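Both of the next two complexes hold chain A, though its partner changes from chain B to chain C.
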Partner chain A sequence: MQKVKRILYSQKIAPYVFVLPFVLTFLVFFLYPLTTTIKMSFQDILPGQEQWVGLKNYQRLLTDKVFGQAVFNSLRYMVITCALLIPFPMLFAYMISSRSMKFAGAFKSIYFVPVLSSVVVAGLIFRMMFAEQPDAMMNSLLALFGQPAIWWLKLEYPSLLALVLLCCWRWTGMNMLYYLAGIKSIPTELYEAADIDGASAVQKFTKIGWPLLKPTTIYVLTISIYAGLAMFTESYMVFGNNASPHNYGLTIVGYLYRYGFEKLRMGYASAVGLALLVGALALNLVQLRLTGTIGKRGDK
Partner chain B sequence: MKRTLSLLIALVMVLGMCSFASAEGATKLTLWTFIDQHATFYNTMAEEWNKANPDRQVELEATVLGYDDMHNKFKIALQSGVGAPDMCDVELGQFPNVLLGEPQLVVLNDYMAPYIDTIVPSRLSIYSKGDNHYGVPTHVGATVAFYNVELLEAAGVDYKTIVTWDDWAEAGRKLKAANPEAYMGNAETTTSWQTNLMLTQQGADVQDNSNPDDPKPTVNTPELLKAVTMQQEWVKEGLSMVCPGGQVDTEQGKAWVNTGVCATVIMPEWYMSRFVDEIPDMAGKYAIAPAPVFEAGQPRSIGGGGTGTVVSLTCPDKDLAADFIVYAKLSEFGEQMIWNVMGFDPVNTAVWDDQELTHNPENKFNKYFLTNVFDTLNEVKDEIMYIPSTSISPTMNTYFNTTLWNNLYIDLLDPAEELQLAQDAIEADIF
Partner chain C sequence: MTTLETKTSRMPKSKRDYSPAARIFLLLFFTALAILVMIPLIAMVLGTFKGGAEMWRSGLNLKPEFQMWSLDYWRYLFTGITVDGELLPHKYFTWFGNSLMITVIQTVLSLFISAFVAYGFEMYHFKGKNAIFLCVLMEMMIPFEILMLPMYVQANAMGLLDNMWGIMLPFLASVSAIFFFKQYLSGLPKDLLDAGRVDGCNEYSIFFRIILPIMGPAMSSMAVLVGMGAWNSLLWPMLVLTSMDKYTLPIGLNTLFTPYGNNYDLLICGSCFAILPILLIYIFAQKFIVEGMTAGAVKG
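Entry: the complex of A and B
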């Protein structure tokens, strides 16, 4: 009994016990799938059959134009959503946290509600809004301005607009919350001091708000890069399936899904998945290095 | 406290066992399908089966899932060996995917043996690998033309006089002159119903299947060029409209047909169930006739779409599942129900001659249309062609539905060049 107690209260063992849940989850849900995926990416896999094929899957990946298009689509979507989902949520957060703002709580809820919606339902509704019939919502809006109806989801830029709008509608509220939290954590004394010094609103933002919100911005940027690259469900729902016209809605994950789940080529899909992992990792490492989050500790 | 708790747990367990006992005797069978009407049909047939087989009762649990969702889940379940339902409806276009590698499905030859001679042969071979049959067919899916008589008559066109595609286009010009809002037909961008029909009329296919183990794409052929050039001309002339939603069997497509501007819908027979259930405003306006051809004498129909129901190898009671599904879909009663409940053309064509069944004036499908579908079906009975779905079909369809048809009918690019590009792209994409 005494022995058991000693082990239980041992200061040497306790840390390991505390990290055990994470280590287990990491091993079972990350490391094991990752190593299996690496193995599978060198195989050709069909139900009941496995065959080693060396680098064939990677060769195919590099030469496939459709994969190139999927990468381009994902990158473009990622850049646009990052460019929109950082400044606007920040602006809205500023407006809502401003003392002169009326009904701030109501606006906060209104912006946040879309975050709670299911992407499947939201995607379906956007598909209907952007339907090509003249009486569909977006075409009715165009008609108000005397414009002819267009085939939103059959054309490149209109369909991109639908995807970007859906993303902004869903995530503006979330990012705004991050910024609200960031703004709240800035000591009010700094602003008071700036007021005494006669700083303008713009100066207060560039000299106090922006630098102190940098950690929030880096966080939002990191998750937005990941989310942009991993986008799939939105496109799948807006187009109704994974086969969008001219592959306008095809993303890297959509491409992975097409080969892994629709065509059951698990080996090739594993290679695609690894390419996505490496790409997203590299992009974020570069971004974190550029923003000084990693690698610059010694400089200070 | 502890005692109360353990008593409570014991009570719950006893109750749980009681509920088990009530279902005792009936074997639970799970089934996935992607069409509501199919689930209704299977449930009806399960009741019938239980009446006829008191010693082999089934408790059917039919689940309806979305098309892509269901097929993808099922494929992964087969691949991984866990989670597959006992039975599953697999759509023709997806069938090659479940036959990849070593099919994880029960061979149904022995179970289907009593009915094999009554089934249209092409409907068996589409769900087979080698000599093994893996899917129980639902219907023939004979393609017919649905004509909007009201719209055509107003323009002075009698649909009965349409024999060739030229007649059809000429009728379209008359219609357009009388009613600029109307369209004679539609161009499909996410499927190939009409194109396949036009191909088989010329005795062609998009694949060379001379070696069944190694099918080759044959896209840049004069026959396909002729079919797509003609359809593109119709779009340019305004006779056809690029179908909203990509084809008429989508929410947008059906909504468009329901607006009443579409004079012809050329679709497999099963589309009449969509008319009845989802295109309510067109009741009493459409007549059914054989589809046009290039030259009189060519085959006027093709079997389009279809669902083969499979039994998974992981099913605990394979015999029961296989016997049930064969009974449900191939027995005489089952075949009659396929028409009565779902409005499909049964694979046992002997049923097509059963006047009492097919011309029942109370039948909701008969009530909706101006003519009886079986009159047309019997007329084209010996002309129903088919295009096999092979291991390369999914790859080809992906290219057609994302790129080729869009390039041809929306961007109006040069057909000959596009077919060559398609040929190259598909060859590169085949594993």
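Entry: the complex of A and C
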């Protein structure tokens, strides 16, 4: 007993004891499930029996039109949210951080409030604002312009608008914060030098702000690509469940959920998940390579 | 030299000034943006006074309709007495209590365990350290949604379904918290360890007696981040929990999405009330929330 204690307390073994909780969690709840899902993707699983089927699940993915639609929906959502949630928060953060901006603190606090809401609460609010009743907010807005009420969540683009607006509402404030943190780290001397050279506000942004905020942009882009491609709960809440009309709100993770938890076809669901994993990793590797974060070391 | 110093100390964070016209424009612009951000929340708060039947009839909108206002819906939330004066008990506060308990336990354990692990990574050199830390990064890179199916299979095999610990266990060694604490610890002098050893501390009491007490600021930032995540989490608890008495608040609220009985009254007031705890923490600890949430974006 004394001997065990001495070993555990030695400087050689102690570090392993410290990282043990992570290693255990990693093995049990990450690595093992990951290998299980890889294994399952080559199997046909019905309750009580599993059968090796080789690449059949993957072959099926390639010809599955509904999966194609899910991929298209997820990609489209990802591209739109990246296109909105990077440039605008960056500009807002840049404009609000000027010293001549009044009440900046109050504004920042307000923009952050939606980040505190859960997807359930945000989903409830947006579903009810985009409700089909003529008195609901978005239909009242249409009425202001003399347009008839529409069934927002049963139509393709109106329901996409609901999802995109929900995402923008929740995350604009968060992304602004990322950019504000990045702006803080820009040395003020650069702006002083630009002032001496007589640079305009626009020039200061394009020549100083934009290039020096690149690391922040890459970070926000990386997490936005993941979040966009893995979107599921937003659609689940806005449409009320995983079955949106004509699959307009179906995402890749929604498809995984449909096969894994609703149809109990875990082999096929695993293949969907792994396709998403490979796709997301590949996309981010390409992105990081294009933005010069990885590779091309000599260029700088 | 001294004049230069006073000059820089008076310097604002970034030296960018706008013309008076631009200032007014910006003020108007950010006010408009603040109003846009607040609209969904205002619509929700208005909804709590107009009640579930009205929400069913006309969705959420910004029409005040004061003649409809009533506190009966809030009374139903707190007392279980419906608008019609009947006693119809509901489970909202059971769910609220479950969420509160899970949030507190998960936050405390997760901070402690993550700090423990981070200390091992930062303060020691040991064989395999880089390989294990690579696993931390890998876990950060892979979205949870991809692994939810095999994790569910795993939780099932371990008998963790419909169990509070099943929700928490996979996330106690939180990779983002480990990463953040490791960064924080890297700023501490390593001499602290040797000083501790000289004073007769063993490897573990150095952590408990010397390091843990000085990690307060980092702990507070992560506490709000982990706590908010636990409080708002929907997908994993929804997969794990099956019995209504164990539901967390987001799952419980989600089950109220059917206009049956007085569900909508409870849903609208309950959603509003669910944001309150986080809003209160935000008001008093805004700095910590901001620090915790932007921790990943800025290095050092």
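In the analysis below, the second predicted complex is superposed on the first by the 268 of 300 C-alpha atoms of A that agree within 3 Å, B and C clash if a C-alpha of one lies under 4 Å from a C-alpha of the other, contacts with A are read in each partner's own complex, and residues count from 1 in each chain.
We adopt the following convention: a contact is a pair of C-beta atoms (placed from the backbone, for glycine too) under 8 Å apart; a residue touches a chain by one contact, two chains touch by 3 or more.
Everything numeric here is computed off the predicted structure, so don't read it as measured data.
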* Asked: Looking at the overlay, what does A:Gly240 touch: chain B (first), chain C (second), both, or neither?
  -> both
* Classify the contacts of A:Trp151 with the two partner chains as first (chain B alone), second (chain C alone), both, or neither. => first
* Just chain B (first), just chain C (second), both, or neither: which does A:Gln49 touch? -> first
* Asked: Should A:Met266 be classified as contacting the first partner (chain B), the second (chain C), both, or neither?
  -> both
* Regarding the shared-chain residue A:Gln133, is it in contact with chain B (first), chain C (second), both, or neither? -> both
* Asked: Looking at the overlay, what does A:Val286 touch: chain B (first), chain C (second), both, or neither?
  -> neither
* To do: Give one of first, second, both or neither to describe whether A:Met101 is in contact with chain B, with chain C, with both, or with none.
  => second
* To do: Once the structures are superposed on A, label A:Leu91 by its partner contacts, choosing first (chain B), second (chain C), both or neither.
  => neither
* Considering only the touch criterion stated at the top, classify A:Val79 as touching first (chain B), second (chain C), both, or neither. => neither
* Structure fact -> Of the two partners chain B and chain C, more of chain A gets touched by chain C
* Structure fact -> Overlap of chain B and chain C contacts on chain A, residues 131-133, 240, 257, 261, 266
* To do: Could you pull out which chain A residues touch chain B in their complex?
  => 44-49, 63-66, 131-133, 151, 154, 240-247, 250, 257-258, 261-266, 268
* **Residue numbers on chain C that touch chain A, as the complex places them** => 11-18, 22-23, 26-27, 29-30, 33-34, 37-41, 43-44, 47, 55, 57-63, 113, 116-117, 119-121, 123-126, 129, 132, 135-136, 139, 141-143, 145-154, 169-170, 172-173, 175, 178, 202-204, 207, 228, 231-235, 239, 250, 253-254, 257, 267-268, 271-272, 274-275, 278-279, 282, 286, 289-290, 293-294, 296-298
* Can you list the residues on chain B that touch chain A in the complex? -> 67-68, 71-72, 75-76, 78-79, 97, 100-104, 189-190, 242, 244-246, 250, 252, 255-256, 394-395, 398, 401-403, 406-407, 410, 425, 428-429, 431
* To do: Please name which positions on chain A make contact with chain C in the complex.
  => 9-12, 14-19, 21-26, 28-34, 36-37, 40, 92, 95-103, 107, 109-122, 124-126, 128-137, 139-140, 169, 172-174, 177-178, 181-186, 188, 191-192, 195, 201, 204, 216, 219-220, 223, 226-227, 229-230, 232-233, 237, 240, 253, 256-257, 260-261, 266, 269-270, 273-274, 276-277, 280-281
